[in-house]
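Paired with chain B in one complex and with chain C in the other, chain A is shared by the two complexes that follow.
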Partner chain A sequence: MMKQKDRITTTQMAIYVSTHMTALGILTLPRVVTATTQTPDGWISVLLSGLVINLFAIVLVKLCQRFPQESFYQYNPKIIGKWFGILLSFSLITYFILLGSFEIRGMAEVTHLYLLPRTPFMATIIPFICLGVYLTVGGINPLVRLFEVLFTPSILIFIIVILLSLKTFEPNNIRPVLGQGILPVIKGMQPTALALTGPETMLVVFSFMKEPQKGIKAITLGIATPLFFYIMTTIFTLGSLGVAGVQTKTWPVLSLFRQFEYTGIIFERFETFMLAIWILQIFTTFVTCLYVSALGFSQIFKKEIKPFIFGLAPFMYVISLSPKNINDFFHLGDFLGYVGIAFIIVVPSIMIIIAMLRGKKHVPAS
Partner chain B sequence: MYRFRYLILIICFCLFLTGCWDSHDIEQLNIHVGTALDKASSSTSNGKQQSKNAIKLTTQSIFNTQPTTESDQANQEPQKYINISGVGNSIIEIVQSFSQENEHPSYGQHLKVIVIGEALAKTMNIGEILDQHSRTYEIRDSCILLVAEGSAADTLNIHTDIPSFTLIDIDQHQYKTAKLLPPLTIGKAVSKMAAHKDFIIQGVQTKKGKINFNRAALIKGGTNRLVGFLNEEEIEGLNWLMGKAKGGIIKGRDPKTGGLIMYEIVSVKNKITPYLNGDHISFDVNIESVGRLNEDWVLAGNAFSNKFIKRAEIATEKEVRRQIHQTLTKLQKYQIDVAGFNEQFRIHYPKEWKRMKKDWDKRFSHVPITYHIHTTIRDYMVKGRKEISK
Partner chain C sequence: MKGSQKNSTNKGENTNKTEEKPQQAKSQHVTDDIHTNIEQIKQNIGHNTDVIFRSFQLGTTKLKAAIVYVDGLVDKDLIQDQILKSMIYDLSSIYSEEQLSDHDHLKDWVNNNVISVSDVKEEKSFDNVITSILTGSTALLIDNINTIFILGTTSYKTRSIEEPITESLVRGPREGFNESLADNRALLRRGLPDPALTMLEYEMGVRSKKKLLLVYMEGITNPDLLMIVKKRLEKFDLDLALESGYIEQFIQDDHFSLFPQVQSTERPDRVIAALTEGRVAILLDGTPFALIAPVTFSMMLQSPEDYYERWIPGSLIRLLRYFAAFITVFVPSIYVSFISFHQGLIPTKLAISIAATREGVPFPSLIEALLMETAIEVLREAGLRLPRPVGQTVGLVGGLVVGEAAVKAGIVSPIMVIIVAITAISSFAIPQYSAGIALRMLRFGAMICAGIWGLYGVILFFLLLAIHMCKLKSFGVPYISPAAPYRLRDWKDFIFRFPLLIMKKRPQMMRTLDDKRQKGNS
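Take a look at the complex of A and B:
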């Protein structure tokens, strides 16, 4: 049984979901969306898919609320049977392992490109993983407390830096709104998948909530914050680079911050700040992935979590180095985006229907 | 046990605090601040085999000036920069060849300006020329782009402290003159080329070691080649048309006496409205400007009276109208739409734009454009009249 101290508040839960969501997806979001829409309406696609995801996340919370004391790994055998349940648990674990590895590879790629061009991947990834293991061993509480600490500075720096990009902003680039009708916007919702993965982590960590009845509030806040970032980023990147320009850049958001310089104040260049908070956000996502997957193993095999954390770390290192080039890496991202969306939309909806039909619910022991 | 833990901690410190893979001493770097790209002349074949599309790249680097001990150099001010050139078919191969010739490695993070020579811009695709500069992580998209009339390398040889810095400093003077275009960064240029848009780059001219920003290069979208130049007046007209003028003077003639009236621009706002009637496109441009009377050569002029102010406004509007007409005639002649007509058409008629964007330049060349200019002289500074009527 879980220890009583392993409980997190509603605010902490919201921060947890939002830091888990903001990761690699944000850097490529304007490009992938605009490449599909071909209009400046990408931000509407992001908004719409955010709303859809939020809707299904509420279903997800409803499912979790039927079993407030248990995680997905523990209650899914009760709904769909032992073997299917274990299969589903393992696919969720695999997904989280892949996602965590994908995030560290992305971190290494970007650091390698912009900050440390001659430093080998190993030298950035290994300390990253070591720190992640060190944090994860402490359990859920140190995790969310760190997220709380990082949350406010991240938002502040993000807003300041993105507003500085107004220097190169051209309003004509994001006009006209809905010029080609609604169809491109609907098409553009599909590639937002990777950026919007994150709420599925709630399947597992919901069981830590102090007040499970406030789950919907937590997840809505948790999704709204990154969604606001995403929309801002998409609008500003499109406004600065234009519909055509944004599609030519590998990391359009980082290119945005390299469009301008401010001379005369202490700092001239601001992409470093953005990279700093962004690497922290990648770290948080990686850590949650590591924790949630290790927790899965420990709950399935009913063993201590520590050996699984230590065991998974080198495994994730190897996976993170497996994409051969940056295109393979982006393809892995697309794939993970769709799997993540499946775990938010398809799995909870089916599960809740089966649970309702079979009348499965957590029965309080007392 | 604790001692063992401390030992691990110390080993970790040694591993992670020893330093950075990518550190370079700043004194050891060859910091590039400006680059000039020219068409290589066929005579400069220094032993190497050059194909016909060779580029000559000149880069300007600044370095740490050490006080020289030699007596003959002591009274002479040391040069703060050095220009190196190389010839090759691709940019990166030339830049790399510098590493074989210089003791300090090249460092592009502080590249501020790229100057493209006229001959090169006329014969080669600027998108291809700038590919390396816009792709490498080393060079920022905020780097400024210029086109040189004649040789680009000469612009990095003008008699100033550091020529590259002079170039970018002059390029920032829009608040003082309407005869300069807003600086075009490489990032913006690349975005425009990606969208097959026509664009315009500030031109520079060098004469006897002095520089003059008196032209602007018209670049045709799609082929990304230079097709013509605008002169100072036409740049001014373009700035009015786009509402980009932030300062500067308009030289009008008083309709009554013929005396000069100098109008100082404070702000210019424009509104371009496209009209579509069947397949017939037309544009209506409304320009509103606020300014002040800066100088007049009308002896009896009394700015305290609104009559005179009105006359001055009419004089200004007439001059602006003439400039805009001149600019538009030239743009339509070259079939280059850099004043934002295409943008406004795209915004107002997005569905029709999809159909018309392919041959937009041709359509633009015979589109009727009407323009209305309205200037307001808000004040006349500390003096209103030169003499009082007897």
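Take a look at the complex of A and C:
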């Protein structure tokens, strides 16, 4: 009964990847995509880039499967040498720290706008980080258990709320499909980067998998679920707000849920529910970033993980407060999106080629 | 000083060990001479008036004998009819004095032909003899024999088997455990006459020496689980084990958690159901509350009646309980957050009517809510401890009169009274008393978070609760299983209770050795 320590099942892995992916990106996705395409075809861009990401995520899993017992931090020195390896590990850690801080800031911004307009950021961020520390010191198992618990209700609430928005849905807003050809769609793939980051955590947590051979199944399921929500959200937001309307809103998805009211029920407006599950999803992304970066430090220095978690928490707090305004914040997001994509597409591809050339592989001890 | 207090458990172990050693060194063995033996017992417990020494001679022989027992703990009829009578009258008529001089022979003879009591032991150590006497056995001393016979004559008044008060059902057996371990054990045996039902006996408490039974199903219960439970039971180290709560607090996983990690129950049917699911049960002498481990959060919201009713009402009622649990924890806090932070989220008409009733209330809604919730907790506690007729009066006076007067005086708003009442009633719908307490305590935390951060605080509190439950384990089983890790097989008995026909296997989370519930096809 105690043996399952530090091992996670395939389902848990899929849920882990998908909850990590679903975060800040979903709220701004319709805007950033439509701003580039200028056509109602944004959802096709999302679909296409999702498929591309999935393809490279499979390469990523293949790389991990060469070293099933080790995390990226542990095996990359074996492939590209000690110093380059450590350098790469630190850049991955930095990326996760920045991403985590970015998510916290985004949560604070939205909470400030919709729930607590007069509360300073400090008062919303500190308890949030404390909860993250409380969870991560428990290790990977409570982490994935929490994700599982939050997963089902999140999906249910999401589907119900999105179906309620049918009231303002206008089919003409998403027509014509491919009216201006495929070119705007291809262009629109670029800004989806931030929303589609997430599979790169697999580099680290893959080593916890109980059945590493099912890694591809896990990651495909893990990408497909958020992809489905992204496409749904994009279609429904575009359908309700129109191409022009989507671009003028900072958080178009929340605006979508503010559009409609159902009188006669206890609640007339439903963006609160959406906001609630969305805060939970941000939390999941933040804690994975915290955990994965602390794990990186602990594996590089071969020390206990707890001091690193406690050390990183205030650090992330400071970084989260550093963007001066919301535009700074969105620039950071774009940057992180590209770095994330680099860690999904470029790094694993190059690494797997080097590993194949040098014949590096995990040799089972026995 | 502080350091030594923190290490109190270690210190306790040490002192106990040092206490035991001199006792053992002091403990003398039984001698041939009856007078020294009696003196030895008298030195230990002779000053108590309820310890009875009765000396007599074996039949017409001059051989001296004596019995020692504690008045009130023994069955006197048994002693008179089966021991004294046979020793004084019957022995002499068959046996001659010469033969009695052979000591070994005499011992066997007494054991085999004279004492007509079913439970006989021979004891050589005074410590054990005295313990046995104090737990209701009768010691029989005979001159020239260097052992003491311990005769099982224990008999004391026990409560008859009654309906369990804390867990009453509309449909289901009306039997509940009582304070006698023998009766409780018999209840389990009668419900489950299966050779796999195994009971291991432990002795709890250096001084209280309570008997404890660890009950499990051989061949079903996972040996790893059994090992954990045994290890923790052996760690029990107190002089007193009054109630199974003592044991519970020693064997639970997390001492700072609000949630009960061991289930206590008065119902034999509940214990039997848990045993066949692969859990273990712990019975302690002197308490009607048995312990079941490991438990999950979903078990706290289950009642045996869910299974006795047909599955559709059973499932719906269970669903209702989950709903009640949610209301208990979150409704006051959601109300507070809406009133003090997000008035815009309430439908306009409702907002106006709430505003109208809150007019003139001098407190912010958080203080108002805390006041009322505390008041209802005090009422509940007062009603619980008083004799039943008085308790009802307290409920009536407190609930109706004070509530009505408080609203009329404008101290609280009527909507607050409604919220508090709904919460209180919902908390009573939770079948496990200890789980109900946990949820009621959490309600206050949720209200305070709502008072500080509004709805965001409620979400944070929910997260805190979820994180805590995800981290919590009960004897190696995650507390929130089967919600996580996903075990779809166990979801048949989670929020809904599926038809019994479908539940062909035991819960997966228990990792039982034999997981089929049906016969054959093995």
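Assume the second predicted complex is superposed on the first by the 362 of 366 C-alpha atoms of A that agree within 3 Å, B and C clash if a C-alpha of one lies under 4 Å from a C-alpha of the other, contacts with A are read in each partner's own complex, and residues count from 1 in each chain.
Going forward, a residue touches a chain if its C-beta (ideal position, glycine included) is under 8 Å from a C-beta of that chain, and two chains touch if they have at least 3 such contacts.
Source: prediction; values computed, not measured.
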Tell me the contact category for A:Thr168 with respect to chain B and chain C: first, second, both or neither. first
For A:Pro127, using the defined touch cut-off, is the partner it touches chain B, chain C, both, or neither? Pick first, second, both or neither. both
Applying the touch criterion given at the start, work out whether A:Phe84 contacts chain B, chain C, both or neither, answering first, second, both or neither. neither
Classify the contacts of A:Gln180 with the two partner chains as first (chain B alone), second (chain C alone), both, or neither. first
Which holds for A:Leu116: it touches chain B only (first), chain C only (second), both, or neither? both
After superposition on the shared chain, which partner residues are touched by A:Tyr338: those of chain B (first), chain C (second), both, or neither? neither
Once the shared chain is lined up, is A:Gly242 touching chain B (first), chain C (second), both, or neither of them? first
If we overlay the two complexes on their shared chain A, which of chain B and chain C does A:Phe315 touch? Say first, second, both or neither. neither
Residue by residue on chain A, keep only those touching chain B in one complex and chain C in the other, then list them. 115-116, 119, 123, 127, 269
Using the touch definition from the top, list the residues of chain C that touch chain A in their complex. 222, 224-225, 228, 341-342, 345, 347, 350, 453-456, 459-460, 463-464, 466-467, 469-471, 475-478, 480, 483-486, 511
Note: in the complex, chain A contacts chain C through residues 1-2, 9, 11-12, 111, 115-116, 119, 123-124, 127-128, 131, 134-135, 138, 142-150, 152, 263, 266-269, 272, 276, 279-280, 283
Of chain B, residues touching chain A in the complex: 16, 20-22, 137, 140-142, 185, 187-188, 190-192, 194-196, 340, 343-344, 346-348, 350-351, 354
Quick one: which bits of chain A touch chain B in the complex? Just the residue numbers, please. 39, 113-120, 123, 127, 168, 172, 175-176, 179-180, 240-248, 255, 258-261, 269
